[in-house]
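Next come two complexes, and both contain subunit A; in the first it sits with subunit B, in the second with subunit C.
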Partner chain A sequence: MDHSDIFEAVRRNLGVVVYDLDTTTVTLDNSLADLGCNSIDRAEVVTLTMEDMGISVPVMEFQQTRDIRSLVALLARHSA
Partner chain B sequence: MTPGGVVVTGLGVHCAAGAGLEAFTDALRAGRSALLPAADRDADSPGAPLPPFDYPALLAERRARGGWVPEKAARTAARSPLGVQVSVLTAAEAWARAGLAEGALPPERLGLVVAGNNLTGAGAHRAADRYRDRPAAVPGRYALHMQDTDQVGVVSEVLGIEGEGCTVGGASASGNIALITAARLLDAGAVDACLVLGAPTELAPLERQAYRALGAMTPAATGAATDHEPPCRPFDRAHRGFTDGVGGAAVVLETAAGARRRGARVLARLAGHALRLSGTSLADPSEQVEAAVMRTALERAGVTPRQLGYVNTHGTASPLGDRTEAAALLRVLGPDAPALVNATKALTGHCLGAAGAVEAVATVAQLAGGFAHPNPWLSDPVEPRLRFAGTAAVPLAAEFALSNSFGFGGFHSAVVFANEGL
Partner chain C sequence: MTGRIGIEALNVHAGFAQLSTAELFEGRGLDRERIGHLMMRARSIALPCEDPITNAVNAAAPIVNRLAPQDKERIELILASSESGVDFSKSITSYVHEFMGLSRKCRVMEVKQACYAATGALQIAAGYLASGVSPGAKALVIATDVSMVDARAGYAEPATGTGASAMLLGDDPRVLALDLGAFGAHAYETMDSARPMPDHDIADVDGSLFAYLDCLSNSFADYCGKVSDVDLRTTFDQLALHTPFAGLVKAAHRKLMREQARATPDAVEADFAARVSPSLVYPSQVGNLCSGSVYLALASLIDNAPYRGTARVGLFSYGSGCASEFFSGLIDEGSRAALAELDIAGRLNARIPLSFAEYTELLAENSRCLVPIENRKIEVERYRRFLDARPDGREPVLAYRGTEGYHRTYEWV
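Let's turn to the complex of A and B:
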């Protein structure tokens, strides 16, 4: 799947999870924590996005992701 | 007990009959019921539903009216289930009314007792539906949402409560049991103020069906003429079971001395209480134990039956429950007692774990407001020797009020409130 589709899904789900976030300001360089996500929020953005994409990534692998760019890359690898 | 006793300094409520204490008190006074006849609702939906619930809009509306909205209310509970969001609203209302919004007491001296068990049935039902075929998509957040104790976590974070806290389960008696638990925390000196939170229950369709199968809940529509009748008629010979209502309530309790020290307005005093089991696994109430808890609560309050001006019954409209409570009340009060008797569940529906808290708010609101709400559909009482309120509100100058709550599994409880405004 295209990286930009995955990024759009992450951005949309950030809007669902994070109260009052202006999602138009979200870029690939942000970390989820920068955007106000606590650990539960971060996990929910990931599970919602996996649900949208119809993919499943082991939870442990997300520990390597630092920013939205690496998160999108990880999801893209599993959606290929 | 604490010298001077335990007093009520804050109230909050959000249920089908009214959102906020003013609207709720107006509904009580008008005898306005939020219950839908069976013909007007789906068998899988609550009998007394909340109006369409939009949490951010309700917070904004409260802020616009000049009401207090805790800084963390929106963010902390944004993803919470409806029941937790309702609790944040009622908790914040009671907290502000008690004058605790500005951090009047140290966080570690504040307690939280949440009333209710099995609060998350509807959430479990929805999650099972949504994730049955895709377990990998279950969010970690659900590990928090699936627990009744999520109520404690969210509300303590929003209000900054860092003393003792827990949930207290006693089926439909949970509200009273939480009041009693909080009073004991105060008596023991464990906390200086304690929020008692009646948490809403959203039943799953299967749970509602189980109550119907047991014969405790009003039947679903069958196409008969009764489908169009008022669904909940406590103490009337036409009663056909309880009707579930969605709603919660909050009560702030403090020691009388503590409230005086910080100049808090005292709304009522929790003058006595009693809690007993009847040693049964069944749903059956015990007339003897009901009478015993009422007597004990009155004795502990130093109140004779003739001094009692008002009784807020458990009154669910379950035929067995109504007959048993009416008989127990008659035993305790005698045949020509002055106490006015009504049943708030005819207006709010049965809020289950929150019922005792909702009815504590109703009781204090009536004592303070000087009225007893009507029993809108009571025309043929199961026990004519009790002084049931009629179909219109009446003035009430009661010094003491009794509020009963009973629950499946032998829970029997009664609390006595003293009117501090007389």
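Let's turn to the complex of A and C:
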């Protein structure tokens, strides 16, 4: 699956979870925490994106994700 | 085979002292904006004269003491679930069995699977009772734990409680009649939280939240695979979930409603208020009771939800490591009457509020609770004002008075 499609899904779901976020400012270098996501918000953004894209990732693999770039890469790896 | 099997009596002991969430945030310099996210008001704090054994006994005693002698004699199985073991070999249950004065013709043991263990124990006990090998038998399942969190736990510190939930199981399920055979399980190895030493917890908060949410979806899917025509919206009148903190339960409910019912945010919010929020009243005043947590939520639900007649409750239990189960049962207006006898709310309200300074002083002593020490003495009298503050003041409670040659010793106060 295209990384840009997954990034767009992450960005869209950030807007759903963090109501007051201007999602046009979100880049691959941001971390979800930088964007104001607490631990529940982060879980929500990731699970919403997995649902949207039909992707399933073993939960502990998310430990290695530090920014949106590594999150997108992880999701892309499991979408193949 | 027996007909109805389930919980005949349910009681929660959540200590004698409490610390408000605001006081703890202030004392630790935590970000107050995150109180809303936790949805916590206070947490129970242990005294040095309390341990997993006193918690278990003080939860179970009001149940056992109300039994007729011939019914007490029919308790044939005691399972204590705990992640706060006091010995590698000897179980918490052996002490509980002694102080409850139960029949010697009894199976006695302890089980462990983090915050899930009580549900595993309950299902095993229910299976034994339903098998018909000993008609009329009763089982006691007690989830008991103590907190080991301190400043290192960050935002988990305000959400962690101490205490025990005790349940008497049998064929007269006045509190909750189990839907036998209606359950879904999901388990796999993961390192989301653990207690590698007797005085220190470790947790990967994000990993634990993911695993909880993942297990909820998968155990619910397994439940739906075993039970025909399940509809999340209509099959269950109420829901009670394991509550590490109330904010997580809100997120979990939102996720399941989105997946199962394609619900809009407004519909999710209304459904949460009606079916879930009554289960969070006690947990938000106590904190996470580990494997007793879902039964504290059930007690909260029965005491606070305005249901009429018979209501089906969907329950979810999750324990790090990890194991989980979604199951269900029926409550009715008799459940409310059965719980009212034990006045859980009255005892929660009687807990004495602590200042942050009093709390940190207790914390240093409490952190030694499970550390194996050959000899130790606890001055129970120092804590008398806490122990005496309970509303049922004349009913004795058990206190830990120290360890002699590795044998833990207790006294009734």
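Throughout what follows, the second predicted complex is superposed on the first by the 80 of 80 C-alpha atoms of A that agree within 3 Å, B and C clash if a C-alpha of one lies under 4 Å from a C-alpha of the other, contacts with A are read in each partner's own complex, and residues count from 1 in each chain.
Methods note: a contact is a pair of C-beta atoms (placed from the backbone, for glycine too) under 8 Å apart; a residue touches a chain by one contact, two chains touch by 3 or more.
Since this is a predicted model, take the numbers as computed values, not measurements.
S.K.: Looking at the overlay, does A:E44 come into contact with subunit B only (first), subunit C only (second), both, or neither?
M.R.: Both subunit B and subunit C are touched by A:E44.
S.K.: So, A:Y19: does it touch subunit B (first), subunit C (second), both, or neither?
M.R.: The first partner, subunit B, only.
S.K.: By the touch definition at the top of the document, which applies to A:A80: first (subunit B), second (subunit C), both, or neither?
M.R.: neither
S.K.: Would you sort A:Q63 into first (subunit B), second (subunit C), both or neither based on which partner it touches?
M.R.: In the superposed model, A:Q63 contacts subunit C only, not subunit B.
S.K.: For subunit A, what residues appear in both contact lists, the one with subunit B and the one with subunit C?
M.R.: In the superposed arrangement, which is not itself an observed complex, subunit A uses residues 40, 43-44, 47-48, 51 for both subunit B and subunit C.
S.K.: Provide the residue numbers of subunit C that touch subunit A in the complex, in ascending order.
M.R.: 34, 37, 190-192, 204-207, 209-211, 213-214, 247-248, 251, 254-255, 258-259
S.K.: In the complex of these two chains, what residues of subunit A are touching subunit C?
M.R.: 38-40, 42-44, 46-48, 51, 59-60, 62-63
S.K.: Would you tell me which residues of subunit B are touching subunit A in their complex?
M.R.: It comes out as residues 56, 74-75, 78-79, 134, 136-141, 144.
S.K.: Show me the residue ranges of subunit A that touch subunit B in the complex, using the header's touch definition.
M.R.: Contact set of subunit A toward subunit B: 17, 19-20, 36, 40-41, 43-44, 47-48, 50-51, 56.
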